[in-house]
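Which chain is which? They are A, B and C, in the order written, and residues in each are numbered from 1.
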Amino acid sequence: MKIFATILLILIPFSVFAEKTLVVATAADPGHLNPGITTGYNVHVFADSIYSGLIMLNKNLQPEPDLAESWTISDDAKTFTFNIRKDAKWHDGHSVTSEDVKYTFENVLFKYHSRTKSGLGKKVKSILTPNPKKVIFQLNNSYSPMITRLNVTEAPILPKHIFSSGNPNDHSANLNPIGSGPFIFKKYKKGESVELLKNKNFYIKGLPYFDKLVMRIIPDSVSQLLALQSGEVDYIDRVPGAELKRLQNNPSIALARNTAGPGGGNCIVTITYNLDKNKTSNLAVRKALAHAIDRDRIVKQVLFGLGRVASAPINKGIAWAHEYNSLKEYDFSPQKAEDILDQAGYKRKSDGIRMTLDIVHFPRFSKYIEAMKQDLSKVGINLVSRALDRSAAVSTIFEKRDFDLNLISYCNGADPDIGVKRMYVSTNIGNIPFSNGAAYRNLKIDSLFDDAGQIADNNLRAKKYKQIQNILANDLPYWWLVERQFLTAHNSNVSGFRSWSGNFALNAK
Amino acid sequence: MIARIIQIPITLVIILCITFFLIHAAPGDPVASLAGDFVTKEYRDLIIKHYELDKPLTIQALIYFKNIFTGDFGTSYYFKDSVLNVIGNRIIPTLLLVIPSIVISSFLGIYLGYLSARSSTVLSRISIPVTSIIVTSIPTFWLGYLLILFFSIKLNIFPIQGISNPRHSLEGLYYYVDIIFHLFLPLLTMIISQLAQVILLLRQKLIYEISLPYFRTAQSKGLSYRKAIINHSLQNAILPVITVAGNRFSFLITGSILTETVFSWPGLGRLMIQAIEVRDYPLVLGILFILSVIVMVLNLLTDLVYTLIDPRITFKSDG
Amino acid sequence: MDNRHKILFYFGIILISPALFSLLFSWWITPTSFYIESHEAFTEPCFEFIMGTDDLGRDLFTGIVQGLRNSLLVGIGVTFIAYSIGIILGMLSGYYRGLVDYLLMKLSEIFMVMPHFLIVILSAAFLGQGVINLILTLGLFSWEHIYRIVRSEVLSLRTREYIVAATALGGGFRWITYKHFIPMIMPTVSSVMPLTICYAIMAEAGLSFLGLGDPDQVSLGYLISNSNQFLFSGWWLFVFPGLFLTLTIAGFTLINFSRDGLYMMLSPRPEREAKVQESDQVLLY
């Protein structure tokens, strides 16, 4: 790029260089820029810098002021009052009011944003707007995690005066967003890039530092890395794990490891057992599989060290609820696996194979499957891989339930009530993608989850969740493989990225 | 001739029908990709109702065809923009790759084919086709990475990917120069992968023409070997190359997918793969429609050009 | 075959010999499936692992051998299906002519116009990604080319005296086909065969590269796409699959070139001209 850069230097007037631009590379094309109608990572990575939520989460996933400068929670955790900043304005000049909040929740989020809808939809009794800068949420029952679900990824606030005319799903503002966040939308070149400009009237004075934020769509992680190394981009959100060692020794590149990102956090790559099918309904088979897979090797070779073996059904990132030793009994031991299978009656036949199992998965998780294939074949299980693209996989798993095993990365979110509960409650069995794929039915678990959601005190909730995890460890409806970490890399001249959240470029300079 | 023109819409309709039922028969639907990573029953019902996906398939097909007649190709589920807009944006980069690559490889191929036919030693006559075959056999995606490794990383001349510089959004002349810089490597990949075909074709025809009696006649009239070729045989030999160019076009439009993936080139091929993955029905059908139209029109034009150039061939739709 | 072409022909055979070797002997040289073994990851080529190991510790040599074998199998399978359909339809078309011919030609035109690669991608989503599906789909979209060739051959052959005589003697379609047509078209068909195999191998590699191939079957395309993450940490993962893929494709193309060119030299009749045009159009992009 040196020759090209020299030409550029000569040709372009100096004023261009006075402008500080941050260039970011991401893999997926957003399609549209409305974060309220989808939970998709591809949209949020762009749109979360244009819009804002009531709060934002800091590094420890605790709430900090965003649109709301302060808030109070009633003692019974049933009423949440937020004071919206006086100087919060939309990019077109209108003031951000509580009407916007009410409108967004009732007409957009509770209809189209699946996570918020399923998590908060039934809990919110009413939203009151006593004055333009004050909004009150009244809940049916106490729900302390409420506040962690109000950041820009889970609950972005959309402008009522723009979206109220028409259907949010098809609105022209989806391609020309007016938000209240640190960056203003300038241009979207499909398949190529999105350009954002600094919001000079942003309510947090002094931020953002960059005048321009350009987000490039580079699907290939190696191309992203090459672009970073050559200086074409400053920040990439996908780093090929194999390069980790090399990059750590490179002083011009800084790395950041996070357990969360714009698409969700605290993710565990999980194997689902189809409890309605012959072999996988047998607990012995499930236990044997758990002993047969070398999860340390997966962390080493598939994740290149970017992650941990899952030691409990709830991600370690939710520290207060994580039950440390719940999965301890399932150590890596092919011998134990073989013994269990022998005792269960699945002996090795003449060709050495005990049974054949198939596993449905998205193509991008193929590496896990390949590692599992190696381990399972050693104990006599032939693993057949069925890679289906996303839509087909979802339909096969949740609609037709045509699988023995499947592999999905389930993200827990900031609170177990967000991303954990959906996998285990019996009300979630059916054509509801990314929910209870195993068809696990346990009424005790159902009631424990319900209770835990309604208690305000985290300590008391923790007791319930730990109980849940111990029961799950015995029943083993799923097998929790590894907790993934996300690796982002950036030019070491730049710092201050909030890589764990949607508006990651807020503090960057 | 008129018959051919009439056949176009009929063939189009048949192709669209087949694709329509194919893609709707594919398991899954747009809901999962639109929702993100979490879908609720209400959301699914909302989306399906909104896009009229709950109606019986034949009714949906009829609605779609009715819309096409009025020029309405629908709105892309994923991009939330009219299908024609989305395709329009992405077809230009693909055309930027395909058209210059056909033209340049044709010229280059003709020249090299000519060289290989006229030179005096057997070795040099054989070496050009053989080398071109080996070079062309390099899989396009492997070739792409090789070029990137050499030119972009080692020599640092050309950008690694994409169509424009990410950091500075340039206007006017600089914008076009920038695009040309980015175009170089993918274009090179496409050209190399087509060279052998042209070279071999030209060479074959040229050798054939040389074996015909009129060549001897020309030589006996005093023209040198070389001149005889240039003045007479070459003109005849170029014909098939031109007509084949039309067919190559349709191959290349879909074939550019691999190059587009390697270079992150925002073209139609990648768009198609994306659209299929998210089950964006209007977009998939729209792309197929446009591509089929292009192919059929090109076939027609190719045959037309051929009859015009070579009066010996009459216009027949087959053979 | 004159000497120059003989040399090329044998050169082509040499180039595809690793593939042929793999096809015949893979069960012996690499008894365990590529996916099952696991050794030390990322070892460079050395005595024990001639081509090194990949990121999951799998032996690349096994991968290449089994990948070549699979590629060849796909190539042969696709050719078999495409040619079966194409030859039968071509003969029907050429012999019966009339309405049958008209309809079949229209059918072949429809297939020709459809963007092949895209429909194959579509059906990968539809049928799932298995190698049988791949072969079927690719084969289903490659028949129209051989159909036209066979058709024009049959059209010209049917006017020969001995065919007319055979019909007069009472020989029906099946008899004539078996005894006469098939032997007559074999030379032409077999001269185009390497090209089709070539195209199928390329298509399969391309699809696997895009991630749409069968994940249970080793493929050179997959090996290449897997390797691009490790361009710097494991150059052998990138070099060897590409090298062998290139050699195999080049070999088939050279074989085709040596025989086709020869054919051209020997009998430059106008009908050959038309065939040559069409047969060249199927070359790789």
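To be clear about the criterion, contacts are C-beta pairs under 8 Å (C-beta built on N, C-alpha and C of every residue); 3 or more make two chains touch, one makes a residue touch a chain.
Predicted, not measured: the structure shown is a model, and the values here were computed from it.
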Higher-contact pair (C-beta pairs counted), B-C versus A-C: B-C
Chain whose Cα mean lies nearest the overall Cα mean: B
Most widely separated chain from chain A, with each centre as the mean of CA atoms: C
Separation of chain A from chain B, taking each centre as the mean of its C-alpha atoms, in whole Å: 38
Between chain C and chain B, distance of the C-alpha-averaged centres to the nearest whole Å: 21
Euclidean distance of C-alpha centroids - chain A vs chain C, Å: 44
Multi-partner residues of chain B (at least 2 other chains): 26-28, 261, 276-277
Set of chain A residues in contact with two or more other chains: 220, 388-389, 391-392
Shared-contact residues (touching 2 or more other chains) in chain C: 125, 228, 231
Chain B partner contacts - residues on chain C that touch it in the complex: 4, 8, 11, 105-106, 109-110, 113-119, 121-123, 125-126, 152, 202, 205-206, 209-210, 221, 224-225, 228, 231, 238, 242, 245-247, 249-250, 253-254, 257, 260-261, 264-265, 268, 273-274, 276-277, 280-281, 283-285
Sites on chain B touched by chain C in the complex: 7, 11, 14-15, 18-19, 22-23, 25-28, 122, 126, 129-130, 133-134, 136-142, 145-146, 149, 193-194, 196-197, 200-201, 204, 207-208, 211, 240, 243-244, 247-248, 250-255, 257-258, 261, 272-273, 276-277, 284, 287-288, 291-292, 295-296, 299, 318-319
Of all residues in chain B, those that touch chain A in their complex: 26-44, 46-47, 50, 75-76, 78-81, 86, 89-90, 148, 152-153, 156-170, 174, 181, 261-262, 264, 266-267, 270-271, 274, 276-279
Chain A to chain B touching residues, read off their complex: 1-4, 8, 11-12, 16, 21, 23, 25, 29, 31-32, 37-41, 43, 111-112, 114-115, 117-118, 167, 169-170, 174-175, 187, 189-193, 195, 214, 216-220, 223, 226-227, 230, 232-233, 263-264, 388-396, 400, 411, 422, 430-434
In the complex with chain C, residue positions of chain A that touch it: 220-222, 240, 242-243, 245-246, 297, 301-302, 363, 366-367, 369-371, 373-374, 377, 384-389, 391-392
